[in-house]
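Before we start, here is the structure in question, set down as C-alpha cells.
When the chains are written out, they are named A, B, C, D, E and F in that same order, and each has its own residue count from 1.
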C-alpha cells in the first residue's frame, strides 16, 4: 500500500512541499506539478530537502510544467525523474491513493 | 517619507511576511491582517522575527481579524499594537504609500 | 481503472483547471473511465458560458464541454459553492428568482453528495487546487 | 484624503473582498473620498448579481452595491479580467454575442487604464488580494 | 475490487485541513463536505495540521469581520458520528499552541454506555503520516 | 498636493512581482497592467523578487501545458519605454539562479544615441528596499 502525493506550489513561497516531504512513507511517490517544479531545481536553498526525500520515496516532476518554467532534465536535483501527463495517470493508478498537498 | 506595508498571510504557510520584514525601512509600519495575524502570536517559531522587526518599524495587527482567530492582546508578541478598521485608514493616510505583500 | 477528478479553482487564475483538464484527457485517451469530474470552491467558475478569453488563449470552458461531449463525461458543479459564486442553471435561476443563468453545455449542478459518491465509487480520486 | 482601493480576489473564497469592503466603509465614514474601487483578477467576480449566498451569511455583492448607492462610489470592473471570468454587462453581452449578462447594480465594466488613473489621481492606493 | 464490494464496505475517508479559517473559505467548505459526507456512513477521520490547527482554536469571535463564526459546528460533529479529529502536535508547537488552546470537542461513545469522550486526538507527525497512509480516499482542503 | 500638480507631474509607479508564471495568472495580468500603464507616461519600474524572478527565466516553453508563452512580452517592454526591471540578487541565489539564466532584455537609450542597454538591473535586497521606498504608487501582483 502506497500513496502518490502531489505538490503544486513553490517551496520558496508555500509550506506544502516541506509538509508533504515530512509526511512521506517508504514506497510513496511525490509528483511535483505546476509552480512546484521550481523546488526540484538543483543548487537551491531547498535542494537538500528534496535529496533527503529521494532516499525514502520516488520524486517526479511533470515535464510540461518544467518546460514552461524554462527548465530541463539537467537542471534537476539528482534522482528526480520526469513524467508527462500519461505518466501522471500511470502514477495515480500504480499507487493506492492520491493525496494533494494544497 | 515612509511606507505602510500590509501582510495578510500566515508566515507558517507563505513567504510574504518574511519577505516584507526583510524589506522594511526605519520609520515604516507593518499592518498584519486576515490570516496573517497568527504570525504576531508570541511563543511561535516566527515570533523572534517579528520582535526583530519591531526595533526598526511599528508592527500592528487588525483587531477584528485577531478576534476571529481566537486571539487577544495577551497573545501577542510584545510591542505589537492593535488597530481596528478606523486605525487601518489612519495608518494609510499617515504613511506616504501603502505596499501590499501578496 | 475508474477515476474521479476534483477541481477546486476557477479557470485562468490558477493552473488547477488546466492541470485537471490535461490529466482527465490523458486518462480518457489511455482508456480509463472517469466516473465524474466534480467542481468545488471556485472550481464552479469553470462552468459559466459567459467567458470570453482572448482569441490566442485556450478556452477552458469550451475544452471541458467538448471533452464531456466526446466521452460522455459527467461534469458536476457543486450547488452550494455555485450559489455563493453566481453559477446558475435554469432550475436554480427559477428557484432563486434570478433573471438569467450562465451554466455551460455539458455541466450540471448537483449536491456535495456527488463528491462523496465519487470517492466511494471510484478507485482513485485526484484533486487539483491552489 | 483621496484614496483608491484595488480588489484582486472574488467574494467568499478569499477574505480580500471583505477586508476591502470594511476598509472602504471605514474610510468613507471618516469622511475620506474614495476615488474608485477597482476590481481586477478574480476580483471581478464581486460584480455578478447571480450570487445567492446562504441566508445567514453576508452578501458581498449587495454590500458593495449598497455602499456604491449611498456614497456614489465608483465600482469599476476590469474588462479584460471580466472577459476571462464571465462577467458581462449589456454592452459586452452584445459585443460578444452572448445570450445574457450578470453585472450587478452599481458596478461598471471598463479598461485597465482606470486603475492607472486611480493611481495617478488618488493620494493613496490600497490593495487587497490573496 | 468488485463493484459490489465497493458499495458494501465502508471506505476510509480522510479530510485534510491545512489552512487557517476565515482568510479563505476552504475550512468552511471542507466542513460542509464533512457534514454531507456523514450521511454516507463511511469511516470518517479529520486531520488538522500546519495552519489547519487554527480551525479548532477556542474563542473565535467574528462579528468584527462581518463573517459567520462556524467554529461551533466542529463541536456538533459528534452528533454526525464524526469522532476522530487528529491534531498534529508539532504543528501546534511551532505555532505556540497546546491542546488547551483548542475547543473542547467531545462525542458520546455508543459502544461504551454513551460515555462522553474527547474527539480531538493529539498525534505526532509520524503518527499523522501513518494515519494518512491508512486511508482509501484523501480529500485536501 | 494640489489637483493640478497631481496631474502634471509624473508619478513613480512600481510593479512588484513575487510570483512564478503560469501556476497563477498574476504574472500575466501584471504585465497587462504594465502595458496599458505605459501609455500614461508615468515613471515606471518593475521589481522581480522571490518567485517573481522566474517570470524572466530564459527558455520558457508552454506548448505542453496548453498555455500561451507570454515571456517574449518582457523583451518588448523597451518599446513601451519600460526600461527599469530590478531583479533581486538574493532571490536569484536562493533559487540556484544567476542573471545568466534570465532572458536578455534590452532597450535603446534615446538619451545616449539609441545605444542598446540592458533593462535588467541586478540589485541587492537592501537596494530593493530603497527602490520600494522611493515610489508614489506600488502595485503588487
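Here, contacts are C-beta pairs under 8 Å (C-beta built on N, C-alpha and C of every residue); 3 or more make two chains touch, one makes a residue touch a chain.
Note that the structure is predicted; figures quoted are calculated from it, not measured.
Listed by label, the chains touching chain C and chain D alike are E, F.
Of the two interfaces, B-F and A-C, the higher number of touching C-beta pairs belongs to A-C. Distance between Cα centroids is largest for the pairing of chain F with E.
Note: centroid distance chain B to chain E, computed from Cα atoms, is 29 Å.
Taking the mean of the C-alpha atoms as each chain's centre, chain E and chain F sit 43 Å apart.
Computed centre separation for the pair chain D/chain E is 35 angstrom, with centres defined by C-alpha atoms.
In chain E, the positions touching at least two other chains are 18, 22-26, 50, 65, 67, 136-138, 140.
Shown for chain A are the residues in touch with two or more other chains, namely 8, 12-13, 15, 34-35, 64, 84, 97-98, 100, 102. Of all residues in chain C, those touching 2 or more other chains are 12-13, 15, 19, 22, 41, 57, 80, 84, 125, 127, 129, listed in ascending order. Shown are all chain pairs that touch, namely A-B, A-C, A-E, A-F, B-D, B-E, B-F, C-D, C-E, C-F, D-E, D-F. Note for the complex: chain C touches chain E at residues 6, 40-41, 80-81, 84, 111-113, 115-117, 119-121, 123, 125, 127, 129. The touching residues of chain E, counted against chain C in their complex, run 1, 6-7, 11, 13, 25-26, 29, 32-33, 36-37, 39-40, 42, 136-140.
By the touch criterion stated above, chain B contacts chain E in their complex at residues 8-10, 12-13, 34-36, 38, 41-45, 47, 63-65, 67-71, 84. Across the complex, chain F is touched by residues 1-3, 15-16, 19, 22-25, 28, 97-102 of chain B. Remark: chain F residues 22-25, 65-68 touch chain C in the complex.
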